[in-house]
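Heads up, the thing below is written out as structure tokens.
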Amino acid sequence: MFESILENILRSKPIVHCITNFVTVNDCANIILAGGGSPTMAHHRDEVEEITEKSQSLVLNLGNVHEVDSMILAGKKSNALEHPVVIDPVGIGVSKLRNETFKKLSQSIHFSVIRGNISEIKGIANEKGITKGKSMTKGVDANETDKVTQDNLEEVVAMAKRLSEAMDSVIAISGAIDIVAGKEKAYVIRNGHPIMAKVTGTGCMSTALIGAFCGGNPNNILEATSAAVAAMGVSGDIAFEKMERFEGGTMMFRMFLIDSISNMTSEIINGGMSIEEM
Amino acid sequence: MFESILENILRSKPIVHCITNFVTVNDCANIILAGGGSPTMAHHRDEVEEITEKSQSLVLNLGNVHEVDSMILAGKKSNALEHPVVIDPVGIGVSKLRNETFKKLSQSIHFSVIRGNISEIKGIANEKGITKGKSMTKGVDANETDKVTQDNLEEVVAMAKRLSEAMDSVIAISGAIDIVAGKEKAYVIRNGHPIMAKVTGTGCMSTALIGAFCGGNPNNILEATSAAVAAMGVSGDIAFEKMERFEGGTMMFRMFLIDSISNMTSEIINGGMSIEEM
Amino acid sequence: MFESILENILRSKPIVHCITNFVTVNDCANIILAGGGSPTMAHHRDEVEEITEKSQSLVLNLGNVHEVDSMILAGKKSNALEHPVVIDPVGIGVSKLRNETFKKLSQSIHFSVIRGNISEIKGIANEKGITKGKSMTKGVDANETDKVTQDNLEEVVAMAKRLSEAMDSVIAISGAIDIVAGKEKAYVIRNGHPIMAKVTGTGCMSTALIGAFCGGNPNNILEATSAAVAAMGVSGDIAFEKMERFEGGTMMFRMFLIDSISNMTSEIINGGMSIEEM
């Protein structure tokens, strides 16, 4: 599985244009490079259209709420060029500004992929009338009460599929159990380690990597996104093991996480991943 | 010592709202996570009040002089909610803009803790008329002539206590000898390693960690700040030893510094720290 | 070779004022510290002149196109004070904005050193009428077709010397083969490893390190720049070896790259470097 996905990235070395937040921008650039892409983190409104034109995909991150105009310019251009557009709705629900910014972006741009934690995705689903409930997000982390477990898995997958249909986007939900859903088909991936939540930006990095994988596979967004999510999960497993071997902590884990992406092969993914179609 | 301080953080997992500089923001977020908090690095003026409202403490960093309006909005809101507000006066004395910005902030916001190097703290003490002298700061590092030694320790502690009284803030001075001073009581901590000055942002990280410790212990600011400073120092000792074992340099030291915070327990702090009340 | 260059940095501990991009700013600050300098990353227009006045060199990075006014203020002040000014024309050729910004900067400021990849330097040479051709830059990485090889080396060195004369700047070209050219003399350095291109910001870091080396050696820009480039190359060799020993990837390589700069001596450089005068 995923052989051709990885080959396409290594062969085409897609340029990934990211308009992302300043907290995790360096990690995002490095994970794109590790995954075989070439990152360009330009966000000045006077150049984003030109940059996008020379790129193969676009990654938007709601953490950079200052740059909504640049995001819209780049997003519209990407849509016109039929480049994949991946959005990370970081912190949706924590402020009116973020909710309104997301709304504005989604009215102007078609997203190929939306990747967030379960609280962020539920926030969007509530907004679209797919689920009923009040967004409970307090910070940038998922709420305990929202978390995906074996018990609510079927229900969450069904929600993700409906949201995928409503938004015409692949929906990727990160957590202890990862879900990547199209309208009719979803992948459930059980890899990675809880320590990922103790490193800032593992979500942003996942989104950036999805941008690289989709940039190299623009006609196969569901599989490309699943492969990126699986690569992150398997790398998380490898990184945790190495971290323990060298008696490190969260920063050593981050190093080995990106290192493992840089050493990733389809053999390693296939050997390590636990994936299920639903 | 400090058992309950650490327990309170792990139990409450405080959300720490940081308006900080873009140089060290990633390290600050990661050290807050390592210390048991949850970082939110939002700085757009249209959302900072809402973010602060959902947080347990606020960390301001003068390195981000662009965001003074956001800092004032967030600081006033935090004061109203009685959340701890921690400020890092990075580079005070290097420019009129920073001096004026600090003045403006201190006129609008009550700081629970002010953490800086000795030159930065002396700059504030001079401004408040507590010491006489000319601020000699040339860059973001402390001046050689200002440094705290065994010889001037008593004098510096007395100055810090007076400044604590004048500002109604706990004063934390980082250096070869760390001082954390309230109006009447001060802790002197002799941990850490000179190599910390060869890594950018160890000061900012210390301030961020104080934000997490105070967020979990809002009624015990002096002890929470001392515990954070001691945790940094002990982690610096551990990190230096590990760095030598693996024949690394300054970046490996940084990794092990945050790693050690992520593995910190009150047993490790108590076993490693050299603390004295003055 | 280079003994006095390194000694001068360690003795004077130059303050290096950087106005650089937010993607790699942390790595740039850390490599300046590792190399013996003291970084100050201030970019607010109301303080850059004061900051530059207290510094020994200035590093500008076109990746931060938002701050052109600050760059011009700081650059003019540095020129007046006869401080070395080093520029990194990141992404020149990818957008009209970057081309115009570079033009504007070069009309206002004299650069001591221009460091870029071959595509960026060729872009400037084309603009100055030194070479004929169309800038082919698609992203922030050099184009395959531009790359310096044994076959075109003489031609590229001659171009770099002519550009050095036209701009009155030392020209540093990074790649598999590095070139540092004055008007009449050039150094060709064959160190480093292709994996450097898989880590974001190795170019920016190289520029920052040149800023530190020139800050400590303002009267010997060609040798200082060559020493910095050689130090980066030798550190790349050491870092790759260590990365393989610990079975790491691109992020471990980055750690050991800066670590090796922090442990650098003239003995290590001289023992490891492959340098040739042309």
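Letters A, B and C name the chains as they come in the text, with residue numbers starting at 1 for each one.
Quick note on the criterion: a residue touches a chain if its C-beta (ideal position, glycine included) is under 8 Å from a C-beta of that chain, and two chains touch if they have at least 3 such contacts.
It should be emphasised that the depicted structure is a prediction, and the values quoted were computed from it without experimental measurement.
The rotation that brings the Cα trace of subunit A onto that of subunit C spans 120°, given to the nearest 5.
At the interface between subunit A and subunit B, under half of the residue numbers appear on both sides, which makes the contact a different-residue one. Chain centres here are Cα means. That of subunit A falls 33 Å from that of subunit B.
Shown for subunit B are the residues that touch two or more other chains, namely 22, 26, 246, 254-255. Residue ranges on subunit B touching subunit C, taken from their complex, read 21-24, 26-27, 65-66, 91, 94-98, 138-141, 197-201, 246-252, 254-255.
If you check the complex, the residues on subunit A that touch subunit C are 15, 22, 25-26, 29-30, 33-34, 38-42, 44, 46-47, 50-51, 54-55, 242, 246, 254-256, 258-263.
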